[in-house]
Every structure is written in structure tokens, then in C-alpha cells.
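Mind having a look at this structure? Questions to follow.
First chain written, first letter: the chains are A, B, C and D, and each begins at residue 1.
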Amino acid sequence: MKNYRGSILFVAGFAIALSAGWLAFPRAEYERQNQPIQFSHKVHRDKGGMKCEDCHAIRDDGTFSGIPAVDKCAGCHAAPMGTTDEEKRMIKRYIEPNREIPWLVYARQPENVRFSHAFHVKLAKLACERCHQAHGDSNSLPAFERDRVSGYSRDILGDPSLANAANRHPGMQMDDCIRCHQQRGVQDSCLACHK
Amino acid sequence: MAANKSARYGMVIDLDRCTGCGACMVACAIENNVPPANAKATERTGITWMRVHRLGNGRPFPDSRAVFFPILCQQCGHHTPCVAVCPQNAVEVDAATGIVDQMPQRCLGCRYCMAACPYHARYFNWWDPAWPAGMEKTLNPDVAPRMRGVVEKCNLCHGRLHRAESKAAAEGRRDIAANDYVPACVEACPAKAITFGDLADDQTEVAQLARSEGAFRLLEKLGTESKVYYRSERPWVHQAVKSGIGKEPQRG
Amino acid sequence: MDRSYIARGLERCTTRRFLMWLLPWTLLLAFGLYAAGLCLFKGLNQTNMDNRFAFGLWIFLDLTVIALGAGAFFTGFLVYILRMHELKAVINSAVVIGLVCYSGAVTVLMVDVGQPLRAWFTFWHPNVHSMLTEVTFCITCYLTVLAIEYLPLLLKNRRLRQVPSFLVFEFELHRVMYVLAGVGTFLSFFHQGSLGGLYGVLRGRPFAFREALGVWPSTFFLFVLSAAAVGPSFVLLTTWLVEKITGHQLVERTVMQKLGRLSGVLLIVYVLLKTIDTLVWMNRTVPGEGFSPQQFYGFEPFGVWILFAEIVVFGLLPAVVLLDARRRASQAWLLTAAGFACFGVALNRFVMTIQTLALPTLPFDRFLSYWPSWQEVGTFLAVVAYGVLVYSLSYRYLILFPQERDLKAR
Amino acid sequence: MGLGRRDLLKLVGGGAAGFFLTPVPWRLIDGVAIRTESWPGVPDPPRGEVRTRYTTCTLCPAACGVRARCVVDQPVSLAGVASHPASAGVLCPAGLCGHHLPLLPNRLRQALARKGDNFQPVGIDAVAGAVATALADMRQNGSAERVAVLDARPGRTASLMYRRWLRAAPNGTYLLAPSAEATAPMGIDIARTGTVLSFGAPVLDGWGTPGRVLEARKTFRLIQVETRQSRTALLADGWLPIRPGTEAALALGIANVLIEEKLYDAAAARNASDFAAYAALAAQFPPQRAAQLTGIPAQTIIAAAHDFVGHGPAIAIAASDPGGGPLGEDEQIAIAALNVLSGSIGREGGFLPRGEASRPAGFEEAALAPEQGIAEVPDASIRVLIIDDARAAGTWCWSAIERKLAATHIVVAMTEFLEGAAQHADFAVPAPAYLEAGEDAPAPPDVPAAMFSLAGALLKPPPEAVDGAAFLNQVAGGGPALADVLKQRVAAIHASRRGEVFHYADASRTAVRDVKSAADLWKALEEGGCWIDHQPTPHEKPLFAILGDAPDRVLEAASGRLPADAQFPLALVPYGWRGAAGGAISPIMTKLYQESDLRPGGDTIELHPDTARKYGVADGHVAIVQTRCGSCQRRVRVDESVMPGVIQAEVGPSASGNCRPEALLNACGVAGDGTWRLARASLRRA
């Protein structure tokens, strides 16, 4: 009996640690933040008949405009076009006072990463979906998840092994870049993609 | 993704034109987000990717003469001293450009590469990089500031190479235009003493200057095949460089 | 009050006296930890190192300490592989010394790097061509080996023996001890070498650069040899020191002399090779890199004398003494010679690290001077204090010198 | 039975074992390592669209074209404008980091009034009020005292406004800054010059328009006459290390050789009414005597004379040192006279007379107060002194100005920083900094054709800041704004139909007559452009006097300015560099002064090893330099290139960061003619 008792306790501790590490930690690791306002890429594409590059353009100098400034939104939404409260909120909060919308950028790479959209879109002819998946079809913006430890967005620094159905597949980690570059036989030095 | 595959970027510095004004040092610091010195920093703990030294002829007034010697990473192409020693591959020679890359985010700050570099072209971040409050907004968005405790050095303004590449890509070109990529020090030199370009291409001015009379490299016998050349018409300069160390301490 | 922890038949001072002995070392440790803390949290600007003196006191002492700690692997090698059983008398002590030296060195290295949180990158993205990678791997592995070798000593403790499973475990350990010793020797051999290689490969530092024999520069082998040579001497010295402090005789005199002779033999070989190496360096390597050897010795205070001191005064001299049976017989000669040998190796490590960095390489360079800051010194003192504490505790509660009991009985 | 110690150990043991089979430890060490990339110590550069904008540098008279790389609206780096007519695509180190100046922490953001030794905030109207009352008071009892504006950057449109304002003010006096690089009526055709004989002018280290000069360096020979082995001396074709204060003697010595050997331009000499007198004066300085005075061997002097005229157009120049102040007037005469002998005046490759950008109506010379040197004003005569801008005035010897102030006086400093002359003012008024002020840049002193550039503002000035003109308007209760007058001036230029516009953006040129309207011209200039006059100004060679009214003063100057002094055996030679001598500089300048010793900096003196030995100091020691007028403490640098018996002291920033040139400059003292270039000094270890 006595010996058993010892082993049981050991196993118990073992089990507790495992469950904590595999189940609790992945949730605790990320802090979830909601976007300042909801936004539907789908609506803008289908109803608005817009293409990605209408808002996310590559400038002449090869830099990428990223998420458009609020005046771009104001271009159409000076007055409500739809009936959603979300749109009204946006107009009231940001367009009227002409305040920039503090978007939380899922794909925002670390400061030391240099990613040229010009290269991948214009030369390599990659489609947006190649990295951004179906983000362009999304009807709503999921919560932004920030890794509490590294401070980076889950999309660029999530652990794929922890990726569950709930969140998008993280396809923008260094490993993903390297994998794709290897498949296409692109030889790179560190500073080709870091700055 | 560097353009012009197998380029060997390098420069020739005309010591007879360098006035030692320091424009290259300032331009370099601004371009590469090198912070102003910490109050306690000295000429041995500062960060100057490009640093102008003064080499005297060792003779007293009025026969004393001196030459200004801009020193930056010499971009060694062979036996590159810093590459082999780095324990975690934070340093490498880019096959596409011949530029010696230093990855501050990979560096653990062991400083072995600094001991290895005979040109003293590597600098350690002894302090957190600090700009006077409000001056962070003058930082160059194309270069990531480094953190305390890592080594950094000249990478021939890699940010500018990136810029040139992106511009080319936007225009649908893979190769960059030669005059789209010029390091900050070269652009800034008021005396136009620095010629920059692709040494692998015999047609470039830099390649021809590198082969010209009076051109030399530092510590050539180490066989590091550095890509930074110097030239001077003054015989004593060549003498001083040949005779190597063991002279009076020099200023600058 | 801690009687029950002390092995039977061993005479130890009162707890009170023991605590009094520990007190100053503990204070020193605390101070040192504070200094190290400053370097970790405020950054290495707390030290007097700079871009030109990228390495300083710490690297020099790490190299020295590890050379002296070599006693552990080498004695182990002699006892378990070459079956020199009379050396069993000091093997335990040697293991503790080794453990202390290596763990201490590793700790200081962690403070020495600018980004300790990234230190593990070396294991994840290793550059196999770098001597430092070799050093890191070997030292960490060998540290583990030492820890395992230390375990049986620990388990022999009078109280711990009462746990039956521990007893079994310890017995098992003893059976693999030969394997461990082998592995330890191998690892240790390598990193002693790679520590030598550390500077020998620096093509950009003509003063340190040595030509390669196979994949390693000659310093690789010289370091192994010199470490092996002084290892026994250092064990000898410490043993004698412990005897003096505790007032007990701990080992047979013959053992000491045996250690001395071993040192002597290896040292003479080392001195020979070192001389050859130096001549090759002067006449081939240095001119090949476009310098002349005189240039390196033109800067005071590092004149040619330092070379002479290293090879003759602290190399040849002790070797000769240690090889002479009559001299060896005299305690004074033996210890002095051993001391000289250890100092000689320390001097060699100093020349390789500090002098190399002090020397200019470019026409407009200056010959540099460097003096460690109190934070650097403090951090190292912490390691010394830590060593003394670990050794003292081990000596009190474990059996470091098997012969002690019998010698006392006589 | 409860949980014993051993049970607990087992539980923990199991936990530990399990822990290492979870992702936790690995995620943690990885995450923590990655966090070091962006931990608090690391700043985030701005993000946004990168734009290129153009303006003109106003930090010194060179008026270089500036290409600013901006993230949205914030300049992040500055560079030269390719093939710019004056700067040839070049900026100096100071210009390269000019965009830091508006952001410096010690920026003056509100008006201050002196209370005892320190300042306290005050409204600008209060300052204007104080000045106004003083003026009213002066008017009332018709006092002979003066109201003066001291202009550190003469030649601007603002300068014209000052002068017009002063014309109306009681005894209004317009003063040129002591060491200001005067806007000469003649430019230098350096591109075609054969030989430049420079008396201490930092030709290659911040003189005139550096870009233009350095570009031409390939073609002209340079003979540098200087005590100090300056950067210019190092790169000159010949360096004549001259005994301090004997420049005039050398000039006359060379003249002597040229006249004796008939090597001079007789035709040009005929235009000089007093050539005979000049020749007679030169005759007193045969090479041997000149050699005695200057310490330069007679043979060298003769060779230099031949060298001077032997390679085509030859000019002799003497410039005021950015730190050491101006050369004496008499020395300047002696040196300028060499240009008569070489016939370089009004000739290609020499000095070319030039006009200036047309002025708007109401700013004719007659309507303005005349330009005056500070030395011309009697002592204790200035009641109200307004300084613009005090930053550029960082290297004046204050005592040169102080002695001109009346017993009761008001000094107002228009300045961006509480530095330089502002520290001595009664009121400090915040001015727009570089890149904030929408102003004009006058033609650089040495360009051969008239020029006019706008320095368009890239940044908004702080709300409190006012420019000099606005302040004077506030004092006078109304008047035109600088911007309006600038527009008028551009209109006047457009009306003149002279010259052409150089566009910074594409280095193209448009003739003014092809510019449709004044508004278009304004637009072109403000977006980045400069106007260049291209029709040469017609000029007839009038009779003029070389020595003016001062032949004996020149003789006196030539006989040596620095009499021996047993108590103060050494010669103290202050010097500076245009880029950093005056007041505030960007913190990045630590690269030059602290992180390298490329320039000695404002806390050192340089000595010859023998001098050092003689006075018991060594490299690194702190020494006290003592003169009749004062003393200062500095760190010794032993340098073999220094002339024995000379103390070289840079006026400029110091490695320790605090730039306080006053101590040194005051120690130098001010000579009767308003110079402080030289002083006798003694040295001892502190």
C-alpha cells in the first residue's frame, strides 16, 4: 500500500502539470483585444465591389500603404451608407472628429522585420490569400491576440502546435517564410528580410 | 532577395581628398539609427560604424603631416574573421552582395567577433539606445534600432539597399539601378572622397579605382580580401601603413 | 548539533566555529552577487570593458579557473582509466574542485554576455565552426557529468544513506563511474582545447593566431597539455591548504609526491612543445601576416620578459624541480614548484587574453590599458566565495579524503 | 494519514517531470528571448508614407540646398541637392543633423526675463513693452544713446526690415556681428581660380560655400598661411606655419617680392590711387625682415610669392575664424592688397562684383540705416540692443559688445536656445528654429552671381515663437510681416526679369522671364528652389586707395601684433569650426567630439611636446591658461603638429557636453579694433 501511495502521488503531480501545461497555458498565454470597431471585408468586396489594392496599395517607391488612414474611409462613409450601428459609431467616433482608427494589425511584423509587398506581389506574383488566407472574405474581425511573453501578435508568433480551430492558421512566422523561400529556391541572407 | 546576384559591393576612399570633417560619421549615425552617446561613453565605448581616425607621419612641427583615415567594416570577403567565430550564426557574408551581415536580434553579446576583428569596426551596445525625449520621431523607419548588449557594425546601409530593391520591384525590375543604392557616408562626403559600387563589375569606376596606382587595403597580408580600398598619392602614407603598428599613439 | 550528518570517525570542528568560518565567505558572496546583479540589470556598462577591450578580467579568470579545475578530469582519467588507485585518495576532492571551478566559470560567462536571455541560441542555432560553440557545448556537458560524479559523494552522506533507494542508486552510479570518467575526460579534453583554440584561431590578432594542426590551431593542444599538467599541482595545493586549515593530515605524503611527479612529467613536455610553437610562430606565422615579432614586445610593460617568465621561470623551473625525486621529497620544494606551475599557466592565459587585446593592429591604433571595475572584481569574488563555501560544506559533511580516517587512527 | 514531507516531495517531483513534457518551458524561454527585441529600452521608429521635401539651409551663410526625407511631415534625414549652384549637392556635418535642432530638449519655448543671475518666464508683450518705453523715453529727452540691432545673419530680407525700422528709431544703429561672414559686394570665381593664398581662412573646412569650393579644389593650388596645422593646412599644396599675429608682415613681404621682381599686374596697379605709398610700405619688408617677423624662411617667402602669381588667376583671402573671430582691419587691408598685385579684382578666376536680388519698393539703401561694425560704435552708447539670432552668436567675445552698452540698457535676444549671447541678455524671446522659420537665405558671401533662396518651413514653430520682424512690429505697434515683405521681394525679382530659377527637385532651370507670375515664382522658390542672377553686373575699374586712410596703422600691424611679454610667454590661439562653434548642436555630434576625438573640442588645449614639458604638463593633465584678461581650465592634448610656444584652443562643444566658450574668449580679451584672435598667456598645471 505504502509504495503505491508514493507512485500515485507522483502520477497525480505528473497529470496535474500536463493538463495545466497543455490546456490552461495556451489560453493564458495570449491576451485578447477587440478591434476598435467591427469591419467586414466581405461587404466591402461584394457590395462595395472593391479590390484589396483599393485600400491596401503598394506605393510608387515600393513601400506598402498598410491599413488606410481614416480619410480614406471618410471618402465613402462621410454619411452612413448602411444601417448598422457599427458604421454610425465609426462615423461619430472617428470620421467626424477626423481621428485615426487605432486598428490592431494581426500581421504587423516586428520592427526588425523587412517585408516588401512589392517583391511578393509584383515580382513573385503571390496572391494576398497566400499569406493572409481568407481574411479578405471575412465578415467580421476576430479578436486580436497578443502573446503576453513576446508581445507579438499571434499571427506572426503563434505556436502552430497550439493552433486550434478557433483561431486563424498562423502563416506569417519566420519558419513559414523560410519554408516558402526554400520551396521556391530563394537564397537569402539574414539582412534580406531583417533590417 | 538582394538584387544584382553575386555583386561585390565595396568602396575606394581617396585619402588625399578626405578633409576629416566627419560628415560621413554623422550621416551614418542618422541613417542607421545609431543613438547619441551616453553621458558616460568615451571614444572606446561609443558607437561609430564609420569612424575617421587621424594618422600622423610621426615627425615634429613643422614637418608633421597627417592624413584622415575613415574606418568602417571592411567587408572581408575571405577568412572573414568575425563570421567563423560567432557561436550562433549571427554574422554571415551575403553571397548576393558580398556584404558582411550582422543580425543584432540573433546576437547574444559575447563580443568574440569584436576580439576577432583586426579593423576594430565592430561596436557593442554598452547602454540602452537613448534619444533625447521627442527625438525618436526622427528615426529612420528602414532600420531597426538595436537593443543594449548586442554587437553592431556597418552593413553598407542595408536599409538603402532594401529601399532600392523595393523601388525596383515596384517598377517590376529585379535588378536595382546602380545610383539607387549609395550608402549614406558616400552620399554625404562633401569632398566626394568615397567611390562606391560593385567591385565584381570591371566596368564600374570603383573597380577601376581599386586597381589603380596608389590603391591599397589595410592588413592586406591577413588575406581577408576586404572590399574597402584606400588610395593616396603621398608616399609617406603608404610607408606608415606598411610599417604597421608600433608607432607613437595617434589622434582621431 | 549537526553531528548526525558528519561521517563516523571523522573529526570536525564545532558547528559554531564552522559557522564563524562560513560567515565572511557568505558576506563576500552576497557582495559579489550584488555586483553581478548590477551588471545584469544595468548592463555591461558597469564594467570597464570597451569596444577594444571586448574581453577582460572575466574571460581571463574563466580560462585560468578551468585550467586549474582540470585536476578533476585528469585525476579521474588516471584513477578510472589508467587505474592509478593510490590517487583515489584525492579523487573526491578533485571532483568537488572541478565542479566548483566549472559551475563558477559558467555563471560568470552568463554575466559576461550582453544578452543572457538569448544564451540558449547557441544550442538552437549553433555555428559548428566557432570555437565558442565547442566550448559552450563541452562545458555544459562536462558540468552535467561532474554533477553526476558528485552525486555519489553526496549520497554517501551519513543521513542520506538512510534512504534505501538512494543507497541502491549510489551503488549503480559507482558501476558507471568508469564510463563517466571516460566521457568526462573526453569532453574536458575537448573544451580545454577549444578554449585554447578560442584565441589561436583569431587570424585578425597576429599575436594570438597560431597555424592549424588538422582542424585546430596549436594552442588547442598546448592548452590541453598545460591544463593536464597543472591539474594535479592544483589538487596537491588545495589538499595541502585544507590540511593546514583543518590541522588534519588527509592523504599519504606519497600521494602528494605522485601528483607532483605527474605534473612535472607533463609540464616538461608542455614546455618543450610551447617552445617549439613559439619559434614557429615567430619565424613563420607572424612574418606571414606581415608583422615582426619584436613589434608585439615593444610596448611596456609587456616586454620579452613576459615570454621568458612564462616558459622558463614558471615552466621549465618547476618542471625540473618536480621531476627531481629528492627535491620532491621536501614539502617546501614540492609546494613552491606546484605553485609556480599553476601561476605559469595563469600567466599563459593572461598573455593569450589580455595582452592580445591590448596590442594594436592598425597604424593609428594605440596600445591600450584596462583595469577591471569593482563590479567585475566583485562578480569574480562571488565565484571564489561560492567555491570556498561548497568545498567547506562538502569537506564537513562528505568524505573527500578516504585516507583521512585511517591516517587519524594511526 | 496526512500528507508527509516525502509525499509532498513525490507530488512535486511528478509535477516537475510533467512540466517538462508541456510546451510551457519552451514557449517561455523562446518568448522571453524574443521579448529582448522590443523591450522597453528600444524605441520604435515612426511609420508612415515617406516624402521628399526641399528647403534651404540657414545655419550658416553658405545657404546650401537641402533635400529632406520626411516620414509624413517629420524630417528624418537631410541631404544636399545635387548640382545646386552654390552647394553642389553637399551638406556639412552640422547641416546633416540640422533637423534635430528644433527638437532639442533645451529649446526656448517662452519669453524669459532676467532676475538677478537667472531667468523667469514673462509675456512677449511685456518684453516689447519694456523696449517701447525705453524708446519713448529716449525720444522724449532726445538722448544721444542708441537703439541697435545686432544681426548675426546679415543680408536677409529680415535684415532689410531691421535697417528700415532702425532708420525711424532714435539713433538707430544696425550692427554686423563681429565675426559674421560679411556679405561682400564681390564674389569669388573659384571654379576658374589658379591659386588661392589663404591667410588662415578654413578654405577646406567650412568656408564660403563648401560644396562649390571642394569641387573646385581639383583645379586650384592652395597655399595656406596659418599658425595651426588645420585641416586646410594638411591638404594644402603648401603650408606656411606663421608666427601668430604676423600675417600683415608676410603679406607685405610677398608684396615686396612681387614689386621688386615686377611680377605684379601693372595695369591693375594703375587703378590704385596710392600705389606708390603702398609700394613704399612694402619696400620696408624685404624677405629677410618678413622672415624675422613671421618665422618663415626668406626663401620660402620668395618661393610663395612666385607660386602665388605663377599659376594663372591668383587670389589672396583672409577670413574671420568661426571661433577666433575676425582678423584686424589693417591686416585685412595688407592681405587684400595682394589682389591688386595679382590683378584678380574684376577678373575671371578672381573677385567678380555682383549685384543682389532686387528689393521691394521702400527698401532702397537711402531708406535704411547703414551697416556698421561693432568697433565703429563708441563705447557705452547703446541703450537698447536687440540681438538676432543669439544662437549664431555663440562665439562672440561678449566683452566686445558689453563695452558698447550704456549704463542703463536693455538687451533683448531673439533665440531658439538660452545659449551664447542670450545668456547675457535681459530678455530672451523664443524664435522659430531652423526648418521652422519661413525666411530667405541671402547670397553666400563668395558666390560670383547674386542669389536668392527661400528657406521654406518644414515644421511648425512652437506657438510662442516670434521672428525678429514680428517682435519689432509689436514694439512699434504695427508694420508689415516678414512673409509679406518676402512675397514683395519675390515679386520684385520677378519684375526684374533677370536671371533664372534652379529647381531643387529635378535640378532643372527656368529663366525668370519664362515664369508666368510672381506667384509662380514664389511657389517655385518655396517648394525648393533658388534664384540666380546670370547677367554679369557691368563694372568699370574706378580709382581706389589700397591702404585707405591707414598706411601707418597697416605698418604698425605688420610690425607684429603680439609684443613679447615676460610674464605671459605663450601665444594663445583660439579657433573654431563653423559647424559647431556657435551654441546649440545636435546630440549626434557626440560622434565627432565624444565617441571619437576627430575634433579636439571645447574643453581641451593642444600643445607641442616641448611646450608641455617646459610647463610641466602632460597629455591628459588639466591645465590653467592665464592671460591678462582672465583664465580658463582645459585638458591638455600633446600634439607634435602644434607650433612650439603656442597654445591652440578650440572654441566649440566639449566631450563633457557643455559648450561654454565664454571663459576662453573672455580670457582672450578684445583688442582696440574689436578682435580677440590672439593673446599672450601663461600655462600651469591645475
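General observations
Everything that follows uses one rule, which is that a contact is a pair of C-beta atoms (placed from the backbone, for glycine too) under 8 Å apart; a residue touches a chain by one contact, two chains touch by 3 or more.
Nothing here was measured: the structure is a model prediction, and the numbers come from that model.
By number of C-beta pairs in contact, A-D leads over the other of A-D and C-D. Taking the mean of each chain's C-alpha atoms, the chain whose centre lies closest to the overall C-alpha mean is B. Computed from the mean C-alpha positions, the centre of chain A lies at a distance of 52 Å from the centre of chain C. With each centre defined as the average position of its C-alpha atoms, the distance from chain C to chain D rounds to 62 Å. Separating the CA-averaged centres of chain B and chain D is a span of 30 Å.
Those residues of chain B in touch with two or more other chains are numbered 42, 45-46, 53-54, 105-106, 128, 143-145, 147-148, 252.
Among the residues of chain C, those in touch with two or more other chains are 115, 118, 121.
Across the assembly, chain A contributes residues 59, 61, 63, 110-112 that each touch 2 or more other chains. Per the contact rule defined earlier, chains pair up in contact as A-B, A-D, B-C, B-D, C-D. Chain contact summary for the complex, chain B toward chain D: residues 16-17, 19-23, 25-27, 29-31, 33-34, 36-37, 39, 41-43, 45-48, 51-54, 56, 58-62, 64-68, 105, 128-141, 143-148, 184, 187-188, 190-192, 248, 251-252. Those residues of chain C that touch chain B in the complex are listed here as 43-45, 49-55, 112-116, 118-119, 121-122, 124-127, 129-133, 136, 198-199, 201-206, 288-291, 295, 298-299, 356-357, 359-368. Listed in rising order, the residues of chain A touching chain B in the complex are 58-63, 110-112, 114, 116, 118-119, 122-123, 186-195.
By the touch rule above, chain D contacts chain B in their complex via residues 36-37, 39, 41-48, 50, 71, 74-77, 79, 90-93, 96-97, 99-100, 103-105, 204-206, 210-211, 214-215, 217, 229, 231-232, 234-235, 239, 241, 579, 586-592, 594-599, 608-609, 637, 639-644, 655, 657. Across the complex, chain A meets chain D through its residues 5-6, 9-18, 20-22, 25-26, 29, 59, 61, 63, 65-66, 110-112, 147, 149-152, 157, 159, 161-162.
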